[in-house]
Structures are given as structure tokens and as C-alpha cells.
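First the structure, in the form of C-alpha cells, and then the observations on it.
Letters A, B and C name the chains as they come in the text, with residue numbers starting at 1 for each one.
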Amino acid sequence: MDTTKKTIILFSGDFNKVMAALIIANGAAAMGDDVTIFCTFWGLNILRKPVPGSTGGKTTLQTMFGKMMPKGTKRLGLSKMNFAGAGAPMMRKATKDAGGMSLEELFASAREQGVKFVACTLSMDILGFKAEDLIDGVEFEGVAAYLAEADEANVNLFI
Amino acid sequence: MDTTKKTIILFSGDFNKVMAALIIANGAAAMGDDVTIFCTFWGLNILRKPVPGSTGGKTTLQTMFGKMMPKGTKRLGLSKMNFAGAGAPMMRKATKDAGGMSLEELFASAREQGVKFVACTLSMDILGFKAEDLIDGVEFEGVAAYLAEADEANVNLFI
Amino acid sequence: MDTTKKTIILFSGDFNKVMAALIIANGAAAMGDDVTIFCTFWGLNILRKPVPGSTGGKTTLQTMFGKMMPKGTKRLGLSKMNFAGAGAPMMRKATKDAGGMSLEELFASAREQGVKFVACTLSMDILGFKAEDLIDGVEFEGVAAYLAEADEANVNLFI
């Protein structure tokens, strides 16, 4: 296996786990690797547009999911020490104080470096997210596409 | 490495993480891969029979673990938006509305396709689960067996 | 790929996840593998000295992180059934009753067997942990060092 391809399944929408995934993706891309991040379930949140989402053709449950789940990286919370929502702003400030890149900068950098972001279509169907609810430049795939990429990669993480 | 074997350590008993693990396992098995799921700690819950478990030779703590931890896929909760237990039924309904397979169908399909389910014996000893508490057809192994399989696989995930 | 190197990113500081990581690391080391555990975010807790940490040059937030986050393996909590802190002592007792190694014994054994523990420098900068706050014998690296090791390994887990 002489490839240096990497895949990450981003299942979590927790602030720090998303940060970890994006730091790994940016690092690998900077070293010349192909990197694909498959966003599934709560990981889809980072791909959501920060505007009111689509409303047509949704069940009541899907409308509720759409309203309750965070839209985009700016709304993510912490899995630990969330302090009723105050944790993420504190972690943001600490990251800035330390001279680290913000979540938004890490995300933009990953996209600029060619990291491929894939939205899991089954998760989208369940949660009621439409293609128009997600940012541009995202691909839409299922588990078979993930497995095909993972078979070509030498590092495959579930985050 | 010309194998296409996959291993998953299923540590979590969260509804959506179990769903993700089973979707990956089913997808890989459908593509002809050998797949092994090592169930450890909360992941053991999916292997538990839905009947009252064994009672002999257990400590008070183990009896308590046995009563408090979910028995089988039907009792799993959500890690996010659990809503005091209402989250999993909502996620089940949304999955059904989207035409997706239920957790029970995914589990049955994985077993039919030959996905191997292994119960971590150390976790069983700690939690007080006996072989008779688990469904039939499960294998019982420790970390050495996991590592031997992971060495032969090209995708190894911890979920 | 004829290496049997293993890498684990230990992101979590949950008692049972740390136990799982250390059991895998000990098992692999016993089989002759090189094992590296990259401790990041909450995973850094296992490397912290159980004494009051450094105070100089910290922001208010970093001082708060330092006080609130557990110092060392003895203070870790459970992700499930934590029972306001009673869960970890119960899990410790159940492990001892089952004849399993304690978290401290697993950690000591891993170090004796040559498992390499690396502290993620970016996480340290964000959380305000200094080298003197961590136990001796730890290495300090960033994502590039992780990726270089992962490229040489055949099993790479994110825990």
C-alpha cells in the first residue's frame, strides 16, 4: 500500500472532536495526502448553512431535528464542561489566546487544501437535511463510497 | 496487504453509533469483506438477551450493572437529544419514515451476511455478564484475538 | 506493510475509554508491537501530575481548565452511569473483583513495556498545561509527528 490517503468518518458534532478532525485533516493535506471526511449524523452539522433550512417535504420530526441541531461550525457545543453552552465560547477564546486557528479557519483551510467533505445521504434522509441545506462543494455519498475510499487509504479514523 | 478484512471495536451502546457500526459492517459484508465487530463495555449491550439475565455468582455491583444497562438493540438510547429516553423512539421513527432499516434489521442482516460478533471477555467479567446472558452465535475473546484480526485487516475502527 | 506498529489518539478522558486504550496498548506491546498513544484534549488528563499544577503565565480560562480537569488516572469519571462521580469507584471495584488490572496498573505496565506516550502540544497550549504539569517520560509533539507515525502503523485508532 503506497498510498497516503486518509479517511475520517466525522460522526460527532462536538466542538473539540470537530477541531481534532480538522487539525488531522489539515495536517495530512499539508503533507500531500488525499483526505476525505465523511460527515454522518451529528457530524453533518458542520456542513449546514447558517440560514433557516428547507421546510418542504419534511416530517414533524425532521422539522424538529432541523431546528434543534446546530447549523455550521459556529454553533457547536462541547462534550465535556459545556456549562450550558458557555464551554464552546471559552474553548474558542482559549484557542485564540494560544494562537491556534479557529474552527472556521481550520474548516476554510481544509477546503482550500482540497480536503473532500462528503455528506452521508442516509443520515441526511433520516434527519431531513436537503442538499440545499448544506454548503456548496459538498459531495453526497453512502457507505459503499466510504468503503471504497477507506480501502485505498492507510489511515481510517472514526471520530 | 491484499485482504479486505474489516474490524470494528464497538465500545459505545449509543443508538446512533451502533447504527453507524452496523451500516458500515453490512456495507462491507455486502462487498465481500470479512467483518468482525468486537463488542466491549457498553457495546456488549447489543448482544444481551432481552430476558432477565443470570443471577448466580454475581456481586452486588454486577447485579446492578445487569439491571441498569440496556438488554439488546431495542433498549439503546441516544448520546445527543435523548430527551429522557424519547430520543431513540424519535430516531427510530425518522429512520422508518426515511425507508431505512431498523437497528434490529441491520443487526439481523449483519448476522445473516456473516459478520462475526465477538464479546470482550474482560468486559464481561467486569460487568458480570455470563455467556448465557448473551444471544447465541457470539464468540468470546480477549484483546489478543482482536489484535490478531486487526493485523489482518485494512480498516480498523473504534466506535 | 510489514510493520506491526500501532497508534492510538486518546482524545477521551473517560475512565472506560482510557481503560480500553490501555488494554489495547498493553496487548499490542506484549505481542512485540511498537505502540504510541497521542494524548489530546481530555486524554491529556492521564498524563497530569496529581499535584497542584503550574500557575505562571496562564490566562484565567487556563487556570480554570487546570483546576476543573482531572489530574491523572485516579480522577477520571465515567461517560455512562457516572452517578455524580460514584460510577468510577464502582467500575474500579468491579474490575478489581473480576481480577482485572487497575487503571494505574495498566498505565504503569504500558510504560514498562515501552508504550510511547505523546502529549499534543496544541492541546497543551490551549488548555494551559505546561511540561512541568505532566509526568516524566512524556514526549511533546504535534499533528505532523502523529501522521508520520500513523503512516508507519497498520492499526490507527481514535478513542
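The criterion applied here is as follows: a contact is a pair of C-beta atoms (placed from the backbone, for glycine too) under 8 Å apart; a residue touches a chain by one contact, two chains touch by 3 or more.
The shown structure was predicted, so the numbers you read here are calculated from the model rather than taken from an experiment.
Asks: Given that chain B and chain C are copies of one sequence and touch, is their interface built from the same residue numbers on both sides (over half shared) or different ones?
Replies: Answer different: the two copies use largely distinct residue numbers here.
Asks: Report, in degrees rounded to the nearest 5, the angle of the rotation taking chain A onto chain B when the C-alpha atoms are fitted.
Replies: Angle of rotation between the two copies: 120 degrees.
Asks: Need the CA-centroid distance for the pair chain B / chain C, whole Å please.
Replies: 25
Asks: Please set out, as single numbers or ranges, the residues of chain A touching at least two other chains.
Replies: 1, 156-158
Asks: List the residues on chain B that touch chain A in their complex, please.
Replies: Within the complex, chain B touches chain A at residues 1, 4, 16-17, 20, 23-24, 26-28, 30-31, 33, 80-81, 90-91, 93-95, 97-100, 154-159.
Asks: Along chain B, where are the residues that touch chain C in the complex?
Replies: 1, 9, 11, 13, 40-42, 59, 61-62, 64-65, 68-69, 122, 125-128, 142-144, 146-147, 150-151, 156-158
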